[in-house]
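Letters are used for the chains, namely A, B and C, taken in the order the chains are written, and counting of residues starts over at 1 for each.
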């Protein structure tokens, strides 16, 4: 944590820190504090005065069926995105890790979707699955499946899950590939000499050795699904139809920005902060464990 | 335990070798097959988008989705470039691309600059409050924009930063990840360099400029790629802070073009805009792949 | 060119005191080697001279001027680091020129001085290279060049040879000595290697647990070690130590095992019955002529080195003992060899304090 050799200087370190700390205070700590403050206040309809209401906003939020709906949506959405993106990435990484011709080309062709913005990914998938003009949307309808994600909530959820996972696979792929490449060849060779067939080798040797990477990616994927997919949902379904794809983040946005319900939105923000802190703590413990490893 | 395998008779050995060869060949086909399928799944949406951007609006609107490019590429891109896509023609892609590029560059450069400085202070100096400041920066990891939308917006209003480039950029330049990365790297700089610099008569700022920054070049490059993409792909923040069309970024502009997703929209020009919105960050990833992979795996340590 | 003086230098890190008051004065142009095992405080002492550490107590004077409160850069000294500390992103030229640039030496002057120094060290052809393109020996030369080019009043060397392989180390050792003599710059050299210390230094400072156990010329340290630590540290193979008591009114030592060793004529190291330690260097031991009896060494291991043979074994009292005999025709393991320990080569130390009790003063 500390260097043995350092510079002397009384004012300089503070000057060096000043820009970062200024931005942090003004745009992070102050708003976060405001969120906590507003979460226990209620404004009158004209925004002229506010009164302290304690945990009333939280009680209201947590007993709101629409909020519970958002919790459920978030749970379904996040676990599906994480499972899908992790599974596909692991499968492709195992294949790409084999010493085959063109491994580098496959790698390049598989990692670029990382650069596509979530909202742009949404537009691409919208165009593919549009019930009237989309290649797949029309094909599904032609096959007798009534496909219209603008009317069918389950279909809308399916679409945002696929669009979100599609973009995240490349990130996971990069980490799985790095994890696979850091497994010593000699361990695999020893397993091969012990007579383990490839599939068995994977589940008994490779997968356990990858578990730190997998766990780390699980946390990252959940964080991604929670926060970074706002663009996908906003551009693709707008939370609909009938709030079928409204996640926690999306609801904060809707309640705060569109409905201007400050107290409720702030209470939701505070709940989300608690979730992020929990996720970060899990991640940090993991990092620490890996340091001692 | 199987019986010890002696040396097999010649024909048996040959048969075993042939079957092993066959197995290897099958394995190779299986591997390439799945990888190609994977590549196609990733490429297909892009291909359809490219195709969509080369037909006229009527063809797409009728639902006759072609699989091969059409003849209207030039006019679609020209329209999207100057006037924008879709029926509403919010802003030309040229202006939006410029905004996105400026925002992404400023965010990446700003994050790198202030992270370098603060990591340098935390690592190379000892001063009261050092750890408190470090934790302050660290905690920002737990406060993504998404969880403090409304109060941050109010701060922006108070500082009259709404509808300004500064408003788009400044709140996003604080970076715990970049600071942590540089801190990690600075801790590996040998003590002897600092001592040699002291003997040479270099003060802290000189050492920063002449030794620390040049040594950090690879880290800076790797981080730049990641942060450029991060900046380019910002969505919620520009959506909140900007409603002036002259400051619209291409990612937000694109999603606004879709409107309600009406089939009768001008999908050809929307797709042309989508291609242009993807191109810069994808090009950065593909061209700077080595930096990108490194940046990604290093920042997450 | 300068003199260096350390007055009562003490240093503590927290509650741990690593230097217990060091006094040393180095003459103009002299090369003093600070030698000791790791953790003895030798590097801390050097860093205090460099100004990289502040002493808890005491003063550092260069040319009679107190430089204790000065920053390293203001002391006009140069240092060669153990890992060379060459900036990896700068060329050899820039590495050597960096200190001069900071001191705003005119560009032409920098060029001239770097080139002269490079010539002196035989690295003129490497000036455009980066450190990672150099071999270990070449890096070592660049590190020296960086120090020399500054034309400082004082050179500090912090174990600069420890990262080189054995052959190169011997070669660079000779070269450093030659350069230092030629440039005549007062130098302080830290090492844990006693051979390096013996061959390089005009004088040695043998450090032990934060104290200067002995400050003297290499030959004096070897011939008259101040205590058992110095005696055991300098010389290879290390000196043998045997527990004994003074006998025959202080004119002889009675070994724990029985035999009595008579001292050469001269002052007596103390009264009869005093407990002492007798030190004998392995190279001073002879095989006793057949009829003389002598001290029987039960040989456990014989190492023939060609020109000499090193014998490891035990004396009757069970003490382990090493002897170095000329020639290869020595007895094998298992044999018993009677040894003679010449009276004028014995070192006598007090058993309590370990300090030298000189029978031959």
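Here is the rule we go by: contacts are C-beta pairs under 8 Å (C-beta built on N, C-alpha and C of every residue); 3 or more make two chains touch, one makes a residue touch a chain.
Computed from a predicted model, the values in this text were never measured in an experiment.
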Where subunit B and subunit C overlap in contact partners, by chain label: none
Closest chain to the centre of mass proxy, which here is the mean CA position: B
Most contacted chain pair (by C-beta pair count): A-B
Most remote chain, CA-based centroid, reference being subunit A: C
Euclidean distance of C-alpha centroids - subunit B vs subunit C, Å: 58
Euclidean distance of C-alpha centroids - subunit A vs subunit C, Å: 62
Mean-CA-position distance for subunit B and subunit A (Å): 15
Junction residues of subunit B, two or more chains touched: 195
Sites on subunit C at which at least two other chains make contact: 52
Two or more partner chains touched - positions in subunit A: 5
Parts of subunit A lying in touch with subunit B, wherever the complex brings them together: 1-7, 9-10, 12-14, 16-17, 19-21, 23-24, 26-35, 38, 88, 91-92, 95-96, 98, 100, 102, 106, 108-128, 130, 132-135, 138, 150, 166, 169-171, 174-175, 178, 216, 220, 227, 230-231, 234-235, 249, 252-253, 256-257, 262, 265-266, 269, 272-273, 276-277, 280, 287
For the subunit B and subunit C complex, residues of the former touching the latter: 190, 192-193, 195-196, 198-202, 206, 210-211, 214-215, 217
Parts of subunit B lying in touch with subunit A, wherever the complex brings them together: 28, 31-32, 34-35, 38-39, 41-46, 48-49, 52, 60-63, 65, 67, 113-115, 117-118, 120-127, 130, 133, 136-137, 139-144, 146-155, 159, 170-171, 173-174, 179, 186-187, 191, 194-195, 203-205, 207, 229, 232-233, 235-236, 239-240, 251-252, 254-255, 258, 261, 263, 267, 270-271, 274, 277-278, 281-282, 284-286, 289, 292-293, 296-297, 300-301
Subunit C residues within the subunit B interface of the complex: 47, 50-52, 71-74, 77-79, 81-85, 87-90, 98-99, 102-103, 146
